[in-house]
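Chains here go by letter, A, B, C and D, matching the order in which they are written, and residues are numbered from 1 within each.
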Amino acid sequence: MTDMLAMGRRVLAMQGFSQLLGTELIAYGLEEGVVLRLALRDELRQQNGFAHGGVISYLADNALTFAGGTSLGPAVLTSEYKINYLRPGVGTALLARATVIYAGKTSATCRCDVFSVLDDGSEKLCATAQGTIAKVG
Amino acid sequence: MTDMLAMGRRVLAMQGFSQLLGTELIAYGLEEGVVLRLALRDELRQQNGFAHGGVISYLADNALTFAGGTSLGPAVLTSEYKINYLRPGVGTALLARATVIYAGKTSATCRCDVFSVLDDGSEKLCATAQGTIAKVG
Amino acid sequence: MTDMLAMGRRVLAMQGFSQLLGTELIAYGLEEGVVLRLALRDELRQQNGFAHGGVISYLADNALTFAGGTSLGPAVLTSEYKINYLRPGVGTALLARATVIYAGKTSATCRCDVFSVLDDGSEKLCATAQGTIAKVG
Amino acid sequence: MTDMLAMGRRVLAMQGFSQLLGTELIAYGLEEGVVLRLALRDELRQQNGFAHGGVISYLADNALTFAGGTSLGPAVLTSEYKINYLRPGVGTALLARATVIYAGKTSATCRCDVFSVLDDGSEKLCATAQGTIAKVG
């Protein structure tokens, strides 16, 4: 495990909400980008049995923030983002993969794709997001 | 309680994720719009002690969907939305107030403001969102 | 005419693109917000005879920037925005009305509604936008 | 020239606004995606000498619509989009490259990157956009 991944996991462990949901940080670095994984369970679904949109948004938002952090350092927050839901969130888990599109000194524009992980391990795109991450302080 | 509010509460009660978080539907109608309330607790925070952005997003997303539902009926989902975070989410609860800007037959464009409810009961704007809700099926 | 409106008009007059299109600044101030007006003509339309989406976007973007300028001063630019097209842009002119939702020291979040001005002078909402304006330098 | 490219150019030729600006359609197909090119001149700039944000937006919006058209057919319009401006639009021309991320039967989610073409022919990313294209009628 790289030092960056270890640091990212410490930040994630300090987020009460990410602990409540059970999010794992799988990758965190300038080259590999950011990968967050969230195992699906009934508590994370909406009335039709799919992952709640708010869960998908949360995961995209968090992955965008972490992606910004790979360029700007760990003290960052999401200023704004936009998400398009493409397919229902299904399967055993959600995977969010985020990368930096452009980074300045105090902010970064990042992109994130969220995938459903199906029973056979294959991935299906379920949402795509784009947003601005700002350095704090 | 109006019939619409009762119906909205039944939908919310079927969302495992909204139950996990503890969201309440305060208002639901074409005239009064939609108001969702979420009491803050440590499990909903991030590493700096503020409401996690994903919690604010979830609440905005859900309020947008319910707002669309006041025009399009209960079988709706959020196609896409955008959110700007303005101030940290603090205080005792978050309130999301959403309204319909424009509704066609199969989709509606809605807006949502999310407020922090402070200890003295006053409200402070913490995020604003805009998105598209689509009728399902 | 207020000093602010005069200053705003000087900035607009320096935008070659706004001159090409024929945009007028009708209002510019912290209280009255920003109003831009653009008379419609064939050169501003798309293949179906409606105002081109790019014209509506341009007007929204510019109104958002000017709105940010009422809080942050004239040296500002749009960092990002999102627009929902609601109805075709028709009639004799487009009107964009923008206001500041929240302003910090270096950036402001603004909202803009774009209206079609019909032959009888009435207005019909045709698009709504939300974005971030940043202070330059 | 493919039939699709020829058809795309006919649509573009019918857009008064695209003619006013001088936009060219360079590529149009399901595999190659969409490429629009717009030569920069003073009339397309803002007060600081850069391409006006509205020009960049227009180009992104139009490229998104055309990209949706490669999946949904020529009768399409942009429902909504979001754009992040990354660097000033400079150089001799702007290039917008758009692709389809996901297409259903009646709508498609597309992405577009806009580049400045510098004097030496190299390209520099200046904006990135994401939006929803809808089939008409």
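Note that in this section contacts are C-beta pairs under 8 Å (C-beta built on N, C-alpha and C of every residue); 3 or more make two chains touch, one makes a residue touch a chain.
None of these values were measured; they are calculated from a predicted model.
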item	value
Pair exhibiting more inter-chain C-beta contacts, B-C or C-D	C-D
Most distant chain from chain D by Cα centroid	B
Whole-Å separation of chain centres (CA-atom averages), chain B against chain C	28
Rounded Å distance between chain C and chain D, as computed from the means of their C-alpha atoms	21
For chain C, residues that touch 2 or more chains besides their own	79-80, 82, 84, 109, 132
Chain A contact footprint on chain C (complex, rising order)	79-80, 82, 107, 109, 132
Chain C contact footprint on chain B (complex, rising order)	82, 84, 86-87, 101-102, 109, 111, 125, 128, 130, 132
Chain C residues touching chain D - in the complex, by the definition given at the top	11, 14-20, 42-47, 52-55, 57-59, 61-62, 65, 77-85
